[in-house]
Amino acid sequence: MAHDKAVPSETTLHQDERALRTEIVRVCRLMHERGLIAATDGNVSTRLGEEHLLTTPTGVPKGLLREEDLVITDLQGQVVPGGAHDGARPSAELRLHLEAYRLRPDVAAVVHAHPPMTTALTVAGVSLAPCVIPETLVNLGTIATTAYATPTSEQGPQVIRALIGTHDALALDRHGAVTVGQSPMDAYGKMEKVENTAVVLAAARALGQVKILPLDEIRRLVAMRREHLGLSAEAAAPDCARCGACPGFRWND
Amino acid sequence: MAHDKAVPSETTLHQDERALRTEIVRVCRLMHERGLIAATDGNVSTRLGEEHLLTTPTGVPKGLLREEDLVITDLQGQVVPGGAHDGARPSAELRLHLEAYRLRPDVAAVVHAHPPMTTALTVAGVSLAPCVIPETLVNLGTIATTAYATPTSEQGPQVIRALIGTHDALALDRHGAVTVGQSPMDAYGKMEKVENTAVVLAAARALGQVKILPLDEIRRLVAMRREHLGLSAEAAAPDCARCGACPGFRWND
Amino acid sequence: MAHDKAVPSETTLHQDERALRTEIVRVCRLMHERGLIAATDGNVSTRLGEEHLLTTPTGVPKGLLREEDLVITDLQGQVVPGGAHDGARPSAELRLHLEAYRLRPDVAAVVHAHPPMTTALTVAGVSLAPCVIPETLVNLGTIATTAYATPTSEQGPQVIRALIGTHDALALDRHGAVTVGQSPMDAYGKMEKVENTAVVLAAARALGQVKILPLDEIRRLVAMRREHLGLSAEAAAPDCARCGACPGFRWND
Amino acid sequence: MAHDKAVPSETTLHQDERALRTEIVRVCRLMHERGLIAATDGNVSTRLGEEHLLTTPTGVPKGLLREEDLVITDLQGQVVPGGAHDGARPSAELRLHLEAYRLRPDVAAVVHAHPPMTTALTVAGVSLAPCVIPETLVNLGTIATTAYATPTSEQGPQVIRALIGTHDALALDRHGAVTVGQSPMDAYGKMEKVENTAVVLAAARALGQVKILPLDEIRRLVAMRREHLGLSAEAAAPDCARCGACPGFRWND
């Protein structure tokens, strides 16, 4: 089920390729500076017109990426003729991005990173889904955690398939997180928010208690989310099936 | 009850608008670099003469803010003609700032951020109020935690109303913190101190013990606070009603 | 037992000395910025042709290192005539590097740093070896912890002797970590991954659980490691003798 | 009892004032970037010839300090005529520095900062003194914690008096740390090492165990410390009286 938002028009998407290259390089540098990736980890892509993607190459430390290192592929992930210098190839994790674009005609960019506290929560089997921080709920909705998938394998797109249509931010079991947005910077901003949420949840647990928001407040925040982002009631609803923090409660019951 | 400090004269406030824009942009970059905000979070404002405010726009990643992105409003938060480019609007959280300016004629700037450890303490229901770190007590007084308010709603100004008149730094339940000061950099410096205090308190709890300062030392530090900041005895007093860490003790009993 | 990878040809190694100096300085600055070293801690070296090394001097804060500060030595660690300015000497820890080059003709660079969470795990006697994070297993293999050695002493090369031939990343008991790679940046990237792994393991333990990967998934990841890096079955195998997290299991039984 | 190292000659000390201003500004920026101070916290000084000090002013955010903001005082802390611009005054904490210079003719610089994990350990009543990390023991000796002193008061010099003669790095109870060295950068490097040590100790405790080094290894490291720094046996000895981690053991018994 896709978000009921308008598909971005060709005009919106056909931004200046040069500006998009600059934006992706900036996002990669920020990811590294904030410790959301180590070394060559992480990958970023954006739509380039209706039929292409601009994406990061495999094997390059993302903190040192240059604009000319980026790779242009089609929507199946094949490098287009002239789309890369020096035999550069897209990351094997581009599979995750392709699946996200397929199921989300409304998004223009995808970010995959390895934020450490998000990863730690999945390694410990602790969910990021509970409605705890109001702005996380309004801006990201439920941060669901996918099933485990072998990195770079075909399992990657499979485990996000059931979720990415209705979630802008997913924790990947023992493998970081993926976020989608209207631009590389927008998707990256959601990644920062995911990790911030993870840091707060982990610290609060260590302090002894994680207060869940009351149900009437959750309803108010979901209404704000719906209005703020122009979502249907269904698309804005929290994913109670992935949570269970409010015992016995199901949003759509 | 407002602080008994002199209202800044028009001369003080009518600083060069250009310099204030530069200072706000610098504060926003620092907030992002130090992890006190994620993405588009956070907002900063400053008085511009007696009847206007200069403030950050909504929706812009604060680490990338430019001087020309700022917005000029009146003291009711309405954008003044020519006060913003390209349809930029102030943050919905400007309501918090307006309330602070209304109750604190002595302050010239307000900062709202989402420092993660401060937020985690509120999520865990742990108070930042106890008198633990001497310099926090001298420089900030009691860091009280407000009641919960739905972000961007009318509850925001309501929950700070009873506190902001007598506190320069407040933790907002599950929603970061707000600080006030004589300039954007001054208010921002208090935000750094709030988060530093939260980091120390959280770590000390994890280590097993948080030593509260002895009462006679608290009296000495409050006297220093009073002298250092030119405050009345009442304004300098710790907010024991919000704390309870020294059992049975009330400052003004 | 050395990795069964081709020895790099003279052509590969005889890179431009100037470029290698720039790369080492960049690595040192990154190590300091990310908190993987304090002050004058840490050292980096790289092969310079078949008979020499280019390495960091002792006693200089690595965040302030300049290209001209580097030292050229032979493979016994003796400064070559004209190989250093102003009486600069290589670090006493160069012994570790020399041992790594001796046992690993396939590596071109060595990094030693003091990443704090890696060090904390060794101070607490907690192993980094368990197969928990799939990308750590694929990219680094088992992160084994050496026996304790007095820093700068002859024990240093002794305790890594049994391990460095088959491990690209080692935790040194109460003394940080050492990594090897195809270039200073490659070895440094592994250092970032070691510390990231340590951060995740420490946080997951604090959260109450560290999920070990299932055995069939470990087999799949080791096969990926083997294919990805062109390793023999033996070289790609996890070092179960140093772990014990999967009770009773031994990879080569 | 002072360290038995040579008093630096006038030649050494009469370095270029301009270079010292640059170095202090760099140290202040590093302190802020690494989170060792918040806002206007912290202060740095260095000897300027035999009768003067160059030091940071009070009230300025140290991350924004400029070379011309520094203040020249005599060895009693009085600003010398022409030693400051615009009425700048030295920090009230300069008292700590003056005491250090008085008791340590061998040191040329003093740094005081508020490193958060060091502070947290003192708030929790946990000592940094135990011999745990070999390089801390060799480079810093015992990190003793002083008694509590009201910040900026006369108690500050009193509580360091018994310790600073024989310790290069002290934790100040609930008030950060002070380090001394041969230059501002040298003293600052020790501050980084103190906080790194605190981070490792706190994390290891959270992980469940802090391994103390064996006594024979402590003897070996102390011998290295003695030789490395040219200290007397007495000056190089660990301060067992401030520790107690090895039960019943006293170094000089």
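The first chain written gets the first letter, and so on, giving A, B, C and D; residue counts start at 1 in each chain.
As a working rule, a residue touches a chain if its C-beta (ideal position, glycine included) is under 8 Å from a C-beta of that chain, and two chains touch if they have at least 3 such contacts.
This structure is a prediction, so every number in the text was calculated from the model and none was measured.
Listed by label, the chains that touch chain A and also chain B number zero.
Any chain bridging chain B and chain C, meaning touching each of them, is among A, D; the list is complete.
The greatest centre-to-centre gap from chain D, using C-alpha centroids, is found for A.
Bringing chain A onto chain C by least-squares fit of CA atoms involves turning it by 90°, to the nearest 5. Annotation: 32 Å between the Cα-based centres of chain B and chain D. Chain A and chain D, compared by their mean Cα positions, are separated by 45 Å. Among the residues of chain D, those in touch with two or more other chains are 206. Across the whole structure, chains are in contact as follows: A-B, A-C, B-D, C-D. Within the complex formed with chain D, the chain C residues making contact are 35, 38-41, 61, 63-64, 114, 116-117, 119-121, 123-126, 148, 150-153, 174-175, 202, 205-206. Taken together, the chain B residues at the contact with chain D in this complex read 30, 34, 132-135, 138, 185, 188-190, 192-193, 195-196, 199-201, 203-204, 206-211, 213, 217, 220-221, 224.
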